Amino acid sequence: MTEKAERAMQSQRALMGVRDLVISGGIRAGSRLSEVALAEKLGISRTPLRAALARLEQEGLVDAIPSGGYAVRSFTREDVIDAIELRGVLEGTALRLAAERGVAPARMGELHRLLAELDQTQKGEVEEMNFDAYVDLNAAFHEKLWSLASQTISREIERVTSLPFASPSAFLDKQADVMAFRRSLYGAQAQHRAMVNAIELREGARAESLAREHARLARQNLEFVLDQDRSLIRRVSALSLVVG
Amino acid sequence: MTEKAERAMQSQRALMGVRDLVISGGIRAGSRLSEVALAEKLGISRTPLRAALARLEQEGLVDAIPSGGYAVRSFTREDVIDAIELRGVLEGTALRLAAERGVAPARMGELHRLLAELDQTQKGEVEEMNFDAYVDLNAAFHEKLWSLASQTISREIERVTSLPFASPSAFLDKQADVMAFRRSLYGAQAQHRAMVNAIELREGARAESLAREHARLARQNLEFVLDQDRSLIRRVSALSLVVG
Amino acid sequence: MTEKAERAMQSQRALMGVRDLVISGGIRAGSRLSEVALAEKLGISRTPLRAALARLEQEGLVDAIPSGGYAVRSFTREDVIDAIELRGVLEGTALRLAAERGVAPARMGELHRLLAELDQTQKGEVEEMNFDAYVDLNAAFHEKLWSLASQTISREIERVTSLPFASPSAFLDKQADVMAFRRSLYGAQAQHRAMVNAIELREGARAESLAREHARLARQNLEFVLDQDRSLIRRVSALSLVVG
Amino acid sequence: MTEKAERAMQSQRALMGVRDLVISGGIRAGSRLSEVALAEKLGISRTPLRAALARLEQEGLVDAIPSGGYAVRSFTREDVIDAIELRGVLEGTALRLAAERGVAPARMGELHRLLAELDQTQKGEVEEMNFDAYVDLNAAFHEKLWSLASQTISREIERVTSLPFASPSAFLDKQADVMAFRRSLYGAQAQHRAMVNAIELREGARAESLAREHARLARQNLEFVLDQDRSLIRRVSALSLVVG
């Protein structure tokens, strides 16, 4: 391996290692990250580690602290609500611009194919819903939507959804056993359909507000987890970082 | 000075040094940044330099390149248009949420004071407009608006406006001598007034679209510079990075 | 009975008589309405009949014709789509203004009570849904929403929904036997909940776009009836007036 | 003249006669309209008079009263504010749909021609503005915008703007001598330009909110007249019907 490739791999390993550690709740929210301890634990040198921490600061998972170094960020309920809001706003912007500027038929075809596959997972009775397939296809569908945006917009979406609880998959795979939640996926899929329809009809305002409303499902799930069934907290990535 | 303080200062110097160099057009868009040359030129060591480059990648001024290292980003006209759009969307979100959630009277008072001071700069004939005061007060007014937002939103605004041509001040101080441009500031100030009025009346939708429309003034100025008077390009920060 | 009361009753009878006749498809779209024949058929005199026709012109069910008199209006598919759009826009305005201006807790309580009753109709399996109760409660819920608006706005809503296919009840009671349609009511009720939630959180933009999207369900049903199952046309009031 | 033509002319004369009488403040707000007195004063028979009153009820200028007959409507400040809001909402809908559905180049050309003519009235110093030409061209421009809408939407705009204070010309021709008002027309014309630009770029959301914001100028003028300079009340059509 060349030295450069080696360095790139080290960077990648550092980034993923620290991110996983933070998201999994392995380090308490608010506590300082020791570079020495992290370097040892993850088996990486300090230069890629520092780059990883700088990147995670940008993602909003760690905060630079005045004395130098970084601490795991702690989030309030309001922080999470605003991160979800921001995701909705940015996805909404991507969809609005796509509707206004027009999308090539081939790409619309891809969206329709994903819609049809999502429909397949919801055929039959609610108990028979193919949950795992829905989760995967939902992620693929959202990524396809993001790909309609210019790099300037999709960059921001990528950054915002790197906060795990702001991603469209955040609450999805944790509640397969709650019937009311399963049923809510009919509405979610209806919103997917409406978004594609709005882009096709060049209805930018409608596409934008659909994306925002769709993101509100995540907020609804957040509030359910925090207020009704806190046992789910440890099942949702990074939710252990939320205090109060 | 403690070692930590020394390190923090080095980081800051590295960040500002590289950013200025890139923005001023001192390095050609698209060309690779040599760490060795930069470290020497700015008199800083490689660790703070790398952190600075990682940060500038987040801001969107440099791109990581596959072979390792970074290159100065080059922007298309569309990139700049979308960066301005994004600024409008994010400022709009800040204002909408402020209108919906309510703002304390003391903070509204501060906004009204700035509005009154901005009005003062526009008294009398158009030739007598106090341009320099307008530029400063305009920047202060926008920062006050951003401060209404939660950290989650204001972080994003800060990042997006770190692209110089996306900032609300971008085109402002370059065209004092163009009469049509001066006259357009009456409309800009009317929009400032309307934004504050909308927040006060809890009109979130209106506040949001006013902020977006306000950002379109920057796009209008961009198009004027690129299409009508390219001699102004070198006067606007970072516009030298725009190709085509 | 006093003469005045007698006259008021005559007016009312004339209005309802002619409207029913037109809506039921009893007179072919486009054909001229003979005052003599109508007066005889409905057993009313010409003065209240003319007032009724003037009113129906305002509602958009009949057109004044150049030679004097009125003809039953014929609607294109686009006319119906725009009438539904208009209903969504006006309901959206009512909700946005309610969210921005605030609603007294007692009235919010009434909305919550209706939401809870609507929920009751959807308990259990989809086959067990209490369809008739849903239809009545849905109408009551929409009327309660309209009552939040000032007279200026609610007047317009009343006029627009007097075109039968633009009313929120238009397609509702005709498709109890179509399973996909029943299932779509989960999404409709989720929208009802979201509208009330948005008003409560003072989210005017969200409330407005929810009302618009909610009206799109009617358009979706319209397109289903016209394109997939034309046998339903005669079941939906006034849809016989739609040509092409 | 045929009997029919005679009847049509009578209807027209009745409608315009009563409307002028009401708008000019010739009958006090709230007072009952005597059919006998009106028929005599305007020299028309009772049948066309009743049709005219029914039409004016639809326009919102008179109210049917429980005892039979009609009374001149009195408006509160809130009524006028909502009528202006409604005009903005409906014009906004017309523009949004035009942007989404696309407009033929020939019609865009007509809008551009009117924009250019409006620009001509604003050349030179503010004192030299050609006010009368601006007023006429402004009315023509708005009518051209309305003509982009389908009949379903333009009907509503027509009805709403038949309330004189809700029309885009309402406050325009009364304040030629107020310098601040003249200057505000630069902003109004910038909004005209932006609306056309938004339609061209297929930006429906932007076009809609521009139309709404444009209507707010009327509200601003209303508040100026009612709160700052009540001497202007009698100069604005129908404003004498506003109480409180």
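The first chain written gets the first letter, and so on, giving A, B, C and D; residue counts start at 1 in each chain.
Here is the rule we use: a residue touches a chain if its C-beta (ideal position, glycine included) is under 8 Å from a C-beta of that chain, and two chains touch if they have at least 3 such contacts.
Computed from a predicted model, the values in this text were never measured in an experiment.
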item	value
Farthest chain relative to chain B (centres taken as mean CA coordinates)	C
Chain B against chain A, contact positions shared by both copies (same if over half, else different)	same
Intercentroid distance (Cα basis), chain B paired with chain A, Å	27
Distance between chain centroids, defined by C-alpha means - chain B, chain D (Å)	40
Shared interface positions of chain C, touching two or more other chains	205
Chain D - residues contacting chain A, complex	96, 100-102, 201-205, 208
Contacting residues of chain A [partner chain C, same complex]	183-184, 186-187, 190, 194, 205-206, 209-210, 212-213, 216
For the chain D and chain C complex, residues of the former touching the latter	4, 7-8, 47, 50-51, 54-55, 58, 60, 67-68, 78-79, 82-83, 85-86, 89-90, 93, 97, 150-153, 155-156, 159-160
